[in-house]
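Look for subunit A in each of the two complexes below; its partner is subunit B in the first and subunit C in the second.
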Partner chain A sequence: MNRTFGIGDRVTVKNATSMFHTRTQAYTRGKTGVVVEFRPDWVIPEDEAWGRDTPERGGREEPFYVVRFKQKDLWPNYTGFDVDTLETEVAQRWLDPAKENAK
Partner chain B sequence: MSSSEGFDEIEYRVGNFAPVLRTPLDSPYEISNELFAALRHVLHDVGGQPDLPQPYREKVEEEWEMNAYVTCECLGWRGVWNSEERRRAENDLGATLYFGLPYYARWATVAAKVLINTGQITPDELSAKIDEVRARLEKKSA
Partner chain C sequence: MTRTHDHDHDAHAAIQSSSGVNEFEVLEQAVRELAIEKGLFSAEDHRRFSEWAESIGPSGGSKLVAKAWVDPEFNARLLADGTEACKEVGIDWLDPTGVGTPSDYTYFYVLENTPTVHNVIVCTLCSCYPRPVLGMSPDWYRTPHYRRRLVRWPREVLAEFGLHFGPDVEVRVHDSNQKSRFMVMPMRPDGTEGWTEEQLAAIVTRDTMIGVAQPKADWTATSSPSAG
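Here is the complex of A and B:
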């Protein structure tokens, strides 16, 4: 699968229904961050968790990204510094271009 | 980070003051979509959940814990499962067992279940083996 995001792109994590297993943290849903690093194509955890851990077994590989969020964007009552950030890995299927880019 | 004298004790007491806000769940006839989503929440995803400070305790790994770990890794190498399946299986234990079992007891429990699920062992074989080992250990300590 081709990468659709580049380093520096602002992305929003989809606030999609997840039936059963996922690694996309609840606190990132609907939040906007910036792509800071490419991670290799991997089988998505939603497949891997059910034994579909290789393409031969039906596992879907796709690009992953390290997305950097501002802590203040994640936690409404965050009391730390404005510059504090959190980075996490997100599969491409969970990301949308941030709406602000479209303007 | 420094803490005032008796900090842990104070936290413990404060923790016990906190009201336990809980909706009793007793197989209700109907639930809201919001409750269904909350019930489906992946248990290990605890980021942002409020909690009290825990006292730091040094704990060395015990032999049974490392045995559980190595056994689970070997099952992975032999293609019985992978670590993401283990995490899902642990979450699928449900909150009572997930938080009730020690860390590596969760691993051992779900390893046993995957071995049964994949037809490697049967529940009665596992039960008989546990009785056999228990009898052996009791004999040894007697």
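Here is the complex of A and C:
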């Protein structure tokens, strides 16, 4: 799968449900952050959970990203300071371009 | 600090588990016994591996940080490729199984603290932790209490560890939810000028590499707290 986001792109995590297993945290869904680093193509956890942990076993590989969120964008009434952030890794399938600069 | 503590303190009572075995323990035991019956490894192999894996402490991480503090080129290598740089202090993330055990995955990133960014690690989904460099995680790191609160109220949780930052410092939480494992590289404290790597490594304690503490020139993890 081709990498569709670049460093600095604003992305929104899909507000999707997971049928069985995912590692995309509920608290990030529907939230917008910025791509700060690339990760390799990895088999998605949605496949790994079924024993499809390699491409040979049917695991789908796709690009992963480190997404940085402003804490105040993640949580209502965040009690820290505006500068605070949270980073986590997200598979490409869970990301959409953020609406304000949709491609 | 956050251990559950729900048993009675009857000095004469037999020591017993309060909760029994859970389904994952049953599953592990079943798979292990099948593997032993099949001859994949012996019970003693399993015991030796467990003893070895559980004896890994945070000294590898301390060495990495101390070496990075005194050697800017190593620092650059460590930040660029954590897994590869670990080999320079004798830690191979693929040892001994070739697939990353005792860590589950082998992507390792070191997070450098600066005067304006303080990093802290957590795994909200389970308890992912850079075991080859820090050993087994502390009990509190694995509790839902730490995991769910650190992402939501990081400054309050850090304050409970005695750590406070003003609005000029970005507190950056790293939720290790996928395949990467993280370790914090704390800032070298004042008062350590001219120290050897060994001296420096002694003050780089486990908690400073999780990000819930900062190293101090006059404190090591093996100092008795009463001495201060």
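Everything that follows uses one rule, which is that the second predicted complex is superposed on the first by the 101 of 103 C-alpha atoms of A that agree within 3 Å, B and C clash if a C-alpha of one lies under 4 Å from a C-alpha of the other, contacts with A are read in each partner's own complex, and residues count from 1 in each chain.
We take it that a contact is a pair of C-beta atoms (placed from the backbone, for glycine too) under 8 Å apart; a residue touches a chain by one contact, two chains touch by 3 or more.
The model shown is predicted, which means the values in this text are computed figures rather than measured ones.
A.B. asks: Superpose on subunit A as described above, then tell me if subunit B and subunit C fit or clash.
C.D. replies: After superposition on subunit A, subunit B vs subunit C: clash.
A.B. asks: Looking at A:Gly8, would you say it contacts subunit B, subunit C, both, or neither? Reply first, second, both or neither.
C.D. replies: In the superposed model, A:Gly8 contacts neither subunit B nor subunit C.
A.B. asks: Please indicate which partner A:Asp53 is in contact with in the superposed arrangement: first for subunit B, second for subunit C, both, or neither.
C.D. replies: In the superposition, A:Asp53 touches subunit B alone.
A.B. asks: Applying the document's definition of touch, where does A:Gln25 land relative to subunit B and subunit C: first, second, both, or neither?
C.D. replies: Touch status of A:Gln25: both partners.
A.B. asks: Looking at the overlay, does A:Trp75 come into contact with subunit B only (first), subunit C only (second), both, or neither?
C.D. replies: The answer is both, since A:Trp75 touches subunit B and subunit C.
A.B. asks: Tell me which of subunit B and subunit C touches more residues of subunit A.
C.D. replies: C
A.B. asks: Need the overlap of the two footprints on subunit A, from subunit B and from subunit C, as residue ranges.
C.D. replies: Residues common to the subunit A contacts of subunit C and of subunit B are 25, 27, 45, 74-75, listed in rising order.
A.B. asks: State the interface residues of subunit B toward subunit A in the complex, per the touch definition above.
C.D. replies: Where subunit B meets subunit A, its residues are 37, 40-42, 45, 47-48, 81-82, 84-85, 87-88, 91.
A.B. asks: What residues on subunit A touch subunit B, complex-wise?
C.D. replies: Residues 17-22, 25-27, 45, 48-51, 53, 74-75.
A.B. asks: Contact residues on subunit A for subunit C in the complex?
C.D. replies: 23-25, 27, 39-40, 42, 45, 64, 68, 71, 74-75, 79-91
A.B. asks: Can you list the subunit C residues touching subunit A in their complex?
C.D. replies: For this pair, the touching residues of subunit C are 107, 124-125, 151-156, 167-180.
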